[in-house]
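What follows is chain A paired twice: with chain B in the first complex and chain C in the second.
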Partner chain A sequence: MRELPVFLGVVIVYVGTGLLNPIFFTPAVLNDILFGVAIVAMLAVAQTFVIVMRHIDLSVGSVVGFTSFLIGDLSSKGFSLIAVLAVALGVGALVGATNGFLVAYLGLPSLVVTLATLYIVRGIFNEVGKGQTIVESMVPRELNWLGLNHLYIFSYLFVIVIVLMVAAGLVMRRARAARDLYAIGSNPQAAKLVGIPVARRIFLAFVATGALSGLAGAVMLARFNSASTQSGLGLELLVIAACVVGGVSIAGGTGSVYGAVLGAVLLQEILLAIGALGIPQFWQLAVNGTLIICAIGLDRYLSTRTKASTIMGYSK
Partner chain B sequence: MKSILEIRAATKSFGGVKALNGVNLTLYQGEIHALLGENGAGKSTLLKSLAGVHSLDSGSITLFGKPFVQGSTRASQDQGVAVIYQEPSLFPDLSLAENVFVGRQPQSGGVVDWSRMNSEAEDLFASLGVTFQVSRTARGLSIADQQIVEIAKALSLKAQVIVMDEPTAALSSKEVDRLFNVARTLKSQGCAVVFVSHRLEEVFALCQRTTVMRDGATVGTAPISDLSQAEIIRMMVGREVSELFPKLPAEIGDVVLEVKNLSSSGQFEGVSFDVRKGEIFGIAGLVGSGRSEVVRAIFGIDRYDRGEVLLGGSRVPHSSPSKAMKLGLALVPEDRRLQGLLMPSPISSNTALTVLENLVRRFVIRKKDESALAKTWAEKLQLKYADIESSVERLSGGNQQKVVLAKWLATQPKVLIVDEPTRGIDVGTKSEVHRLLSQMAQDGLSVVIVSSELPEVLGMSDRILVMREGRQVALLDRHQADPEVVIGYATGALVGK
Partner chain C sequence: MRKPRELAGSFTWDKGVVLFLILATFFSSYASPYFATTSNVSFVVASIVEIAIIAIAMSYLIISGEIDLSVASILSLTSASIGFAFQNGIPFEQSIAIGILVGTAAGFFNGILVTVFGLPSLAVTIATLALFRGLCWVLLENKPVNQLPREWIALANENIPNTFLPWTIIPLVILGLIGWFVLHHTKIGRWTFAIGTNAEAAKFSGIPVAMVKLGLFGFTGFMSAIAGVIYTLRFASASPDGGMGYELSVIAAVLFGGVSIAGGVGTMWGVLAAVLSLGVIRSGLQLAGFSANALLVVSGSLLLISVVLPRITDYVRSQKPWGSTQPKKWKRKNEE
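The block that comes next holds the complex of A and B.
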């Protein structure tokens, strides 16, 4: 189980911090963690589709910021919630399709392509949202409500992410097309040879990542009740960090959306733990970095531990 | 017997070079058919046409009396033709079961049914007579096991024609036995198996008929029992190869290399031997017996726990190939593509790589000297090349190996260690490499040769060290060493002191 180390990390940090500062055990803090993690967790779920293919999508920070702005802007102009969500989804899918086309059909490296679309989308966003700020009154009522209310002690935003995660998890495990993504990430050449439509899969995975990231704009708006051209800036790196910490190997082929969400939870938890323990905030970033290195180290260790050996018949 | 597949008058050119030029091949149900030929004879192109990687320019392929759809790997699979490559490319992160069924996972209700997939994979492996834990990932699987997974995949596709491209090149003899049993199982199930190998003993042991190719055309097809090894070789090369392994008598001098009680935990234990000037010293043993590990440790690539290595009386330091080189050791590694050559770089830079220091003037490598050096060696080793500045990728396997040899000979070593010097090289070039090694020994070089090809070790060596499971089990003189004795020690049937 690749998710086990990060799951243990989540438990250890929670219990450890709570023992040092009992405030950490209160429902309010737990809620803070889960409420705060929703955006990154949802983006991490979306990002998993491309990372398992040994690709990456850096444009998600710009996409989520832009769609959170669009949702607020359009609904303040009288569009229905369904309509604005459809726009968010569509904008995300369009960016995803652009990424996917350039990567899958023109064979350009995803790191560079999505770095370019990161800037392009942010540029368009700056132009469209010039000088405007989305304020609470412009946020659709339903989103506002979702951001404020809880199912028992769990923020609705987190509940939405969990539902999405379970759905995506089932798809990744049970749908042939999603299994192809793992095959592509594990050995792209062989994937072609066994007849997997590699280009089409890569294209569609980027569309899915983009669409889901676009939809995450709704979660972002629900959480912050505001949006500006600064929204989502730099978020993509946190998302990738969450995936890597959660065992979604950057080398492709392994990892799950559960791990990605756990990775996001761990990063958020550490952020709050550092506050609760009175440690200077500087350390939060350093700890995140250390975690990433640990995750990659563990990954490498696990993949080299299995040395070449004949299972049966002659062996040393 | 019913014929399954027929290829008639197949041709295929690549930019003016005729890779196939009139190939005829008929495969019958329930036969193991050897496809033989030197490297460059067109075997690979033919196999790739069957695999759907290439389409023929002209000629026909019929499968079960129907025209065979060419040019798509998926179509080849669907029509029941499976090609198992020498080094299969599995998905290291996926389970064995999923590797078998990738892209076609059994489903129920529109979703992948994992338990059915696992049990079907288990059944497939069982039908091949092997037991695998199907839920483990393919990462770290030996090449032999990877081939079995590929064969199971072929079976799951209901393949009727199973092509194995040099499957035994990297296998130990136990693994070869297992593969042979699997091939015979396939045969008894009515498949036609095409078996490509450079090892004629294997062909005689396994196959019923053989087709020999030369220069892109088929030379002939015959039942294997009608042919002798010499006749097959004659068909392959089109000329007599009087002696496959020409060992020249050399004057044996003083001890040059001493290995004393070398041990590395989990790898090998208590290995001691010495090599004399002008001697060819063979190390035999199954794959996994620690042969390569010992020579890697001697050269300083891997560390060792105990023991010492002396060269001309002075100690070769631990873990420092560069110091070993300066003392006069050279190692031609096992895998020339991965460890021996910079594939995209030209012949000249590859040759000069070990002696760059000597070619530097004022911090700059002098290209002219580099080329001159490479040309001198190319001439000495009779390298066939068009341009010394063209990349080694374009050379045949045998000529690539000569470049690796040149690169190490350029260091003017006292002891040259060669690990699998002729793996994947055609018969003609092979005997050339042997002649070269033999000549150099005659000139006073000490050669240590590690090989899984027994005839090679037996033919070349003055003395042979046999290893089994990391220990040396016998040290034989040339006249004592016949195949039965060496295999006996290597497998533990004979027990040494």
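The block that comes next holds the complex of A and C.
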């Protein structure tokens, strides 16, 4: 159970902060945590597919910003919700397919490829966006509603993420193609030798990550009710941090989507706990950084298989 | 006439970058009469100094098979430390020294986590990216320090008398020459390449791998600190959000300059030419009336080309010589 440490972390921070400041136990705060975490959690689920393969996708921040803008822009021009969601999915899948093709079939390092597509997608986004801002009146009504309403005490955005997480979790546990991703991450050469179609799996995993990240644009738009060319800037590192905190090892081969979501929740929870404990907000980022270091250290301590030679998240 | 295979054999990416730099300069001068003016050249040089100085150190780190994503945060932490010390009554010269010490210590902190605790550098430096940036906010909160001594600011913003080059080019040239010499002409440089090619083998041949890596992380911290000092002076302000996103620009420039992310391959002049050409293209595109977005697309595409093209030359090299019945002689370098 690699999710156990992060799960304990979530519980301890929640209970500990609540005991010191009872306001933390109110449903409003719980909702703040879950509402706020939805985007990063969804992107972390998507990112898990590539990280378990010992790859990385840095382009998600640009993709999610671009699609959240596109959804607002197109629906204000009269396209239906289904159509704009399909466009978001399609744009994400297209970027994912580009990444996947370059990494899987040309054998290029994913760090470089996705850094390049991060720039290219952001550039195209800025050109399409032309400094425009999506305001509340341009957001599709359904998304607006999802962002404002709750199922019992849970924000619908978080419910969506949970449904996605469970679906992705089942696939990664049961489906053979998804199990292969772990094999590829543990040992790419061995995976090839036992007959796994490595290139095809890598390609499809990148497409899945891209498509999910594209859809996350809808969650982002519902969350903020606005979008600009600054949307999603720098989000990629936060997402990877959530995965790492959640026990999805950057060295590949281990971790689950449940851990990734828990990691995102823990980061968000600490952000609010800092406020609830009366610590100045300026400490938030430093605490997050320290937490990530602890998580990596714990990961290293728990796994005897992880070798320091697989440092950069890809094989030579 | 030489055969394509031989042409491909003599082509390396870093030579391509230098060629590209020359072409970009011609293109920019042709596209706008303002490009080759002294004030613009001064501006282009001044705008790349910080990235270039960090890129020198980052080249070593990536060649040795590691990476540091926290460089922009170290730059900012240095800046914040200078501001914090100066605000608390410490003379400016000493504040700068404190800033450089803090930055170097931050680099060694990364190095200790990687070498002593055996943690992966990609993950560690994502964490310290947040940690160091967080410390900036802790030090300065949201109050930038602006009342810095005027003569120091002038130093970073004025040209060397009777030339069109800014003062800040002097540390860049000195550090660049040292970086080039050490990487290509000393034992430490050869060790760096050996570690990046095969860390295990390097260890067995007696290279103190952990010490070298620790030193390289400390060096990267030091260089980021120097860049932080220049950044602070150039913008005449120590703020907690300085240099946001520089880490990816630095890495993009280093990779575009022909350093392999897999380690063991790269040249210092390729990297410096890459940083300079990115500055030249940015200026050229702006003067030619393109938006900043075009620059993003161009940078990304160049980065892709820089990894795709070596694959193609490798492939051409791996083909048997034309007209010969000899079997394949040249194998791809990274063949499994």
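As a working rule, the second predicted complex is superposed on the first by the 304 of 316 C-alpha atoms of A that agree within 3 Å, B and C clash if a C-alpha of one lies under 4 Å from a C-alpha of the other, contacts with A are read in each partner's own complex, and residues count from 1 in each chain.
FYI, a contact is a pair of C-beta atoms (placed from the backbone, for glycine too) under 8 Å apart; a residue touches a chain by one contact, two chains touch by 3 or more.
No experiment lies behind these values; they were computed from the predicted model shown.
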Item to complete: Would you check which partner chain A:141 touches, where first means chain B only, second means chain C only, and both and neither mean what they say?
Response: neither
Fill in: Touched chain A residues, chain B compared with chain C
C
Worksheet item: Taking the superposition as given, does A:77 touch the first partner, chain B, the second, chain C, both, or neither?
Response: neither
Fill in: Partner chain(s) touched by A:282 [first = chain B, second = chain C, both, neither]
second
Practice prompt. Considering only touches as defined above, state whether A:297 meets chain B (first), chain C (second), both or neither.
Written response: second
Item to complete: Examine A:194 and indicate which partner it touches, taking first as chain B and second as chain C; both and neither are also allowed.
Response: first
Fill in: Touching partner for A:175 - first (chain B), second (chain C), both, neither
first
Item to complete: Enumerate the residues of chain A that count as touching chain B in its complex and touching chain C in the other.
Response: 189, 192, 308-314, 316
Practice prompt. Under the touch definition given earlier, write down the residues of chain C that touch chain A in their complex.
Written response: 65-67, 69, 113-114, 117-124, 126-135, 137-138, 141-142, 199-200, 244-245, 248, 251-252, 255, 261-263, 291-301, 303-304, 307-308, 311, 334, 336
Worksheet entry | chain B-touching residues of chain A, taken from the complex the two chains share | 170, 173-176, 179-180, 182-183, 185-187, 189-196, 249, 252-254, 303, 306-316
Worksheet entry | Complex contact set, residues of chain A against chain C | 56, 58, 102, 106-109, 111-113, 115-120, 122-124, 126-127, 189, 192, 233-234, 237, 240-241, 244, 250-251, 280, 282-290, 292-293, 295-297, 300, 308-314, 316
Response to the item:
In their shared complex, chain A is touched by residues of chain B numbered 72-74, 77, 89-94, 98, 102-105, 107, 111-112, 114, 130-133, 137, 139-142, 144-145, 172-175, 177-178, 286, 288-289, 469-470
